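The two complexes that follow have chain A in common; it is paired with chain B in the first and with chain C in the second.
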Partner chain A sequence: MENLVIQTEKLSEWVNEVIKKNKVFAPVKETDFSNFKIIDDYSEIDFTYLLPRVPAKKILFKQTETLFLFTPGSKGSVQTKEISDEKLVVFSLRTCDAKTFSILDPVFLGDYADPFYKSRRERSILIGLSCNKPNVNCFCTSFGDSPASSDYVDILLTDLDGKHLVEVVTERGKKFIDNYKKFFTSASKEDLDSKKKVEEQAIKGITRTMKLEGIPEKLDKMFEHPIWYENAMKCIGCGTCTFVCPTCHCFDMQDESTLREGARVRVWDYCMNPEYTHHASGHNPRPARMNRVRNRIFHKFNYYPINDNIVGCTGCGRCIDYCSVNIDVIDIINKIGEAES
Partner chain B sequence: MVDKELLVKTAKKIVSREDVKYVVGYKQGTYGFVISPSFAYTPEDVDNFIYNPLCKKNLTVYPILEEKLPLRREEEEDKRKIGIVVKGCDSRALVQIIQEKGLTREDLVIIGIPCKGVIDLKKIEKRFPNQTEAVNVVETDNAEYILNISGAVQHIPKEELLSEVCKSCEYPNPTIYDFLIGEKIEVGEVPEYSGLKNLDETPLEDRWAYWEKHFQNCIRCYACREACPLCYCKTCMADMLEPQWIRRSVNLSENTAWNIMRAFHLAGRCISCGECESVCPVNIPLMELNKKLEKDVKEMFKYNAGLDTKEKTLFGTFNTEEPEEFIM
Partner chain C sequence: MTKNSEGTFEIQNPYQPLLAKVVKITNEVDGARAIKTYKLVFQDEETKINFSFIPGQFVMVSVFGKGESTFAISSSSTQKDYIEISVMKHGKNTAALHELEEGDIVGVRGPYGNTFDVKGWEGKNIILIGGGIGQAPLRSVLNYILDNRDKYGTLDVIYGARTSSDICYKEEFAELEKRDDVNVHLSIDVEEEGWNNYVGFVPNNLMEVKPSSENAIAITCGPPIMIEYVIQNLLKLGFTEKQIYTTLEMRMKCGIGICGRCNIGNLYVCKDGPVFSYEQLKGLQGDM
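Our next item is the complex of A and B:
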């Protein structure tokens, strides 16, 4: 739509200007990693880590969401939860985290729109930042994406050493950037060429590949394959892979109350937990770890592509990075590709 | 260095036995420094077994983790034994579980490995990022690790990569085993665990701020619980709904409740393998809590967990000499 340039030393001024009128989320250094947090000043942003530990899904789809409040008892009442109209900016999103929302949209904006997600989605500006040095388990390129892709953001920044290229991608991004015109100049052809070089370099840094061709269809015939048992034997059943996944979106709803007040909350749930499918009758349709490990892979690489025409994985590699027993989704999918069905 | 041939030979012998279901050991992972648990059902499966200083995972979580599905009519329960590779700390977990009657000695065939300490994966990955190819690590006799990374041989002082818990390990030798691979290690003077200052020494406000900072990052994935061989309650208090001891809401208050209750439930039971801390995706220093409780238990009750299957558990014993100043 429009290509601009901002001098890197002006970046802080611009972001601080944005903070005045918006709630800005950006990666902030925690103990020895970074996480998305609301920032009050540009200096809080941590650019040293490629990916924040918990993905950006937590900004639009919160881990704990209060749906409404209530007063328990015979004279009880329900108080609806006001939805804020604050403007949100997610700053420094990587391709894999930005793509999250195209995958979550069919869920939360599909047949029944979730008012909380919908509202946040509508009032947020996604500002991406191209990766210049991918991690060991990055594989966004396996999905035809690029570490410097502008496909899923409103505005994309690329560090060109001394200045940042600012690609304004959407109408919403254009309206937003027009408020801050004084910080930007037009981009030259050289700037766009430099971005290409940064992008090529980053793509070279991605060493692992997931071979996806024909996988969704092949999985249909592999429901009983031994690979599920192999991986399930070592799975310890924790929620790490699902909680650090940018696309896992299952939730549980609970009433949390005292004698005087209560709230219905929605919290992230994880399909690796036996309780996840435990029916009130006592029956559990996914009784064994094998059923659960298989379901996670099927959901992303079979159900999702078949139902919504998009693979439910963005290639961020977090589930591989933080699995303590080396359940490696790239390895599983590639083995499925090679296996006889 | 552990004799791999002897390990493989022993595991093959065990897995060939009719009364053994499988042997669980270690194999090379799918990238870089990562090691994977390996389940061997046949002697051929054992061929991929390895052992090196990267084999940190405590495998004793597996015998209890195995799910026993309801039996079909006329189907009989598979009561065969499980073979398992253990280091010093891991073996103590088995002893503790046997004391608590979670497993019986007859359930297991134990391959013990005297352990000189294992590498902290987070430290080595930070030192050598973006390592796709598998890397073998060898420990020398003069406290060095030798790594061959993309053709370049690296000598790294052991101290720099060693897991923190291993630095204060008192029991490198398995306390229970059927087969021992290698010579027992002599234990000299063991330095006290260095992470206790955040619970013992610093002023209350600083201590609280330190733990608040960590607990607010907790995402309640319960990896600490699932990875712990001694967290094996059939229903965890964190999963109970009536009464709901800990709410599902993820916030500082509930996260603190979870992390503190987890630590207390391991008082006198934790065997310091450090598994909870190494699996935590948000790097909460859980071993600092565990070590503080271990120290208190040691000082007050002269008790060390997981040494002898004949011994009773700390909470299974009582004597009149015990301090009781904390009882109101």
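Our next item is the complex of A and C:
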């Protein structure tokens, strides 16, 4: 839509200006990793990070969310939870985290719109930052995406050493950037060429490939395949893969209350937990780890493509990075590709 | 979405239940697996008038502070102004429901899920095959048909429970047995003194009754193992896959296809079900 440039030394001024009117989330260093946090000043941002540990989904789909308030007991009543109209900015999103929302939109904005997600989605600006040096387990390119993709953000920044290219992608991004015109100049053809170089270099840095062709269809015939027992053998059911996954969206709803007041709270849940599907009757449709690992892979690589025409994985590689027993989703999918169905 | 005076938004929140008063509680079954039926009336006049559903659908019912669970609506949509649910005491929320007294308040969300095609089945002979608390969704169909009796053919109700004291809706079955436009076939699993009906499992009773598959629809609900054998026997009796319907249950939280847990394959029981024909069920690949 519009290509601009900002001098890197001006970046802090611009971001601090943005902070004045918006709630800005950006990666902040926490001991040995980064996480998205609300920042009060540009200096808090950690630019050394590859990926924040918990994906940006947590900004629009919070780990705990009060759904409504109530008076507990058998004479109870309910009280609506008001939703704020605060403007949100997610700053420094990588492609894989930005794509999250394209995958979660059909879930949260489907037949029944989730009012909390919807509201935050509508009042947030996604500002991406191209990945110049991808991680060892990055594989966004397997989905046809690029570490410098502008497809899923409103505005994309690319570090061109000394200045940042600012690609204004959406109408919403344009309206936003127009408030801060003084920080930007028009981008030249050289700037765009430099970005291309940076992008090519980054793509070269991605060494792992998930061979996705034909996988969703092939899975249709592989529900009963012995490969699932093999894949689940190592799993300890800790659920880490689900919490660090940008597209996992399962949740539980719990009543939290004192004698006089209470709230129904939504919390992230994880399908790796046997309790997750455990009926009150004692019956459990997914009693073994095999069932649960299989369901998770099917959900992302078969059910998502069938229901929403998109693969439920962005290639961020977090589940590989953080799995305590080295289960590797790329290996699983590639093995499926090679297996006789 | 409307902006209120404080500058915040109020959006229709599908997670927030409406209040309903428990106007009547019926003890169906006593003991460790006690069942009670609750008649609920919405507190808000507008909802009371506008709430509509079709047999097969379910509601999420809360006792505030205890939790929320899924229940088939067991009353018929022809009975206006109230809904009924039947609750077996099993977990935290159902135990709390069993503590309630008439006049108490619960939260209700719904109706959710797909429906039995009661309109499309007009003119057909209907066979309802239930076991235990599984009769709840079938009762909705049963009462719907009884309220539109001239629109349907013959009506057979095959129902079984572990013992005679485990039979749900006892008084209603007694009333039904007096009618000549319904055939009731009750069973219990083990012989008991004074029991004059069939002794044995529901799928076996079905083979005794031998309903004709001609122009018929069979709907079954009960424990998973019962459903499995009932379907096998229906097929033996010549029913086609399109003539057999069941309603499934899964653990649910949101009821609206977002929270992720009630899937069988790529379908969510909460929004793509809970009603499935055997034709659909057979093609489903997933953990049940």
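Please note the rule applied: the second predicted complex is superposed on the first by the 338 of 341 C-alpha atoms of A that agree within 3 Å, B and C clash if a C-alpha of one lies under 4 Å from a C-alpha of the other, contacts with A are read in each partner's own complex, and residues count from 1 in each chain.
Throughout what follows, contacts are C-beta pairs under 8 Å (C-beta built on N, C-alpha and C of every residue); 3 or more make two chains touch, one makes a residue touch a chain.
Keep in mind that what you see is a predicted model, and the values were worked out from it rather than measured.
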| item | value |
| --- | --- |
| Room on chain A for both chain B and chain C (clash or fit) | fit |
| Partner chain in contact with A:Thr209 - chain B first, chain C second, else both or neither | neither |
| Chain B versus chain C as contact partner of A:Val267, first or second or both or neither | first |
| Spatial angle chain C-chain A-chain B, Cα centroids [nearest 10 degrees] | 90 |
| Touched partner set for A:Gln254, first chain B, second chain C, both or neither | both |
| Which of chain B and chain C A:Asn35 touches, first, second, both or neither | first |
| Touching partner for A:Met233 - first (chain B), second (chain C), both, neither | first |
| Which of chain B and chain C A:Gln63 touches, first, second, both or neither | first |
| More chain A residues in contact - chain B or chain C | C |
| Touched partner set for A:Ser188, first chain B, second chain C, both or neither | neither |
| Least C-alpha distance (whole Å) that remains between chain C and chain B when both complexes are overlaid | 7 |
| Residues of chain A that lie at the interface with chain B and also at the interface with chain C | 252, 254 |
| Residues of chain A touching chain B in the complex | 30-33, 35, 53-54, 63-64, 134-137, 205, 207-208, 230, 233-234, 236-240, 242-244, 252, 254, 256, 265, 267-268, 270, 273, 275, 287-289, 320, 322, 324-326, 328, 330-331 |
| Sites on chain A touched by chain C in the complex | 67-68, 70-78, 80-85, 107-108, 110-115, 118-119, 220, 223, 249-255, 257, 262, 264, 266, 269, 271, 276-281, 283, 285-286, 291, 295, 298-299, 302-303, 306-307 |
| Residue ranges of chain B touching chain A (in the complex, touch as defined) | 29-32, 34-37, 39, 57, 61-62, 65, 67, 69-70, 129-132, 213-214, 217, 219-223, 225-227, 239, 244, 247-251, 275, 278-279, 281-283 |
| Chain A partner contacts - residues on chain C that touch it in the complex | 3-4, 6-17, 19, 62-69, 90-91, 94, 99-101, 104-107, 224, 249-251, 253-254, 256-261, 263-266, 271, 285-288 |
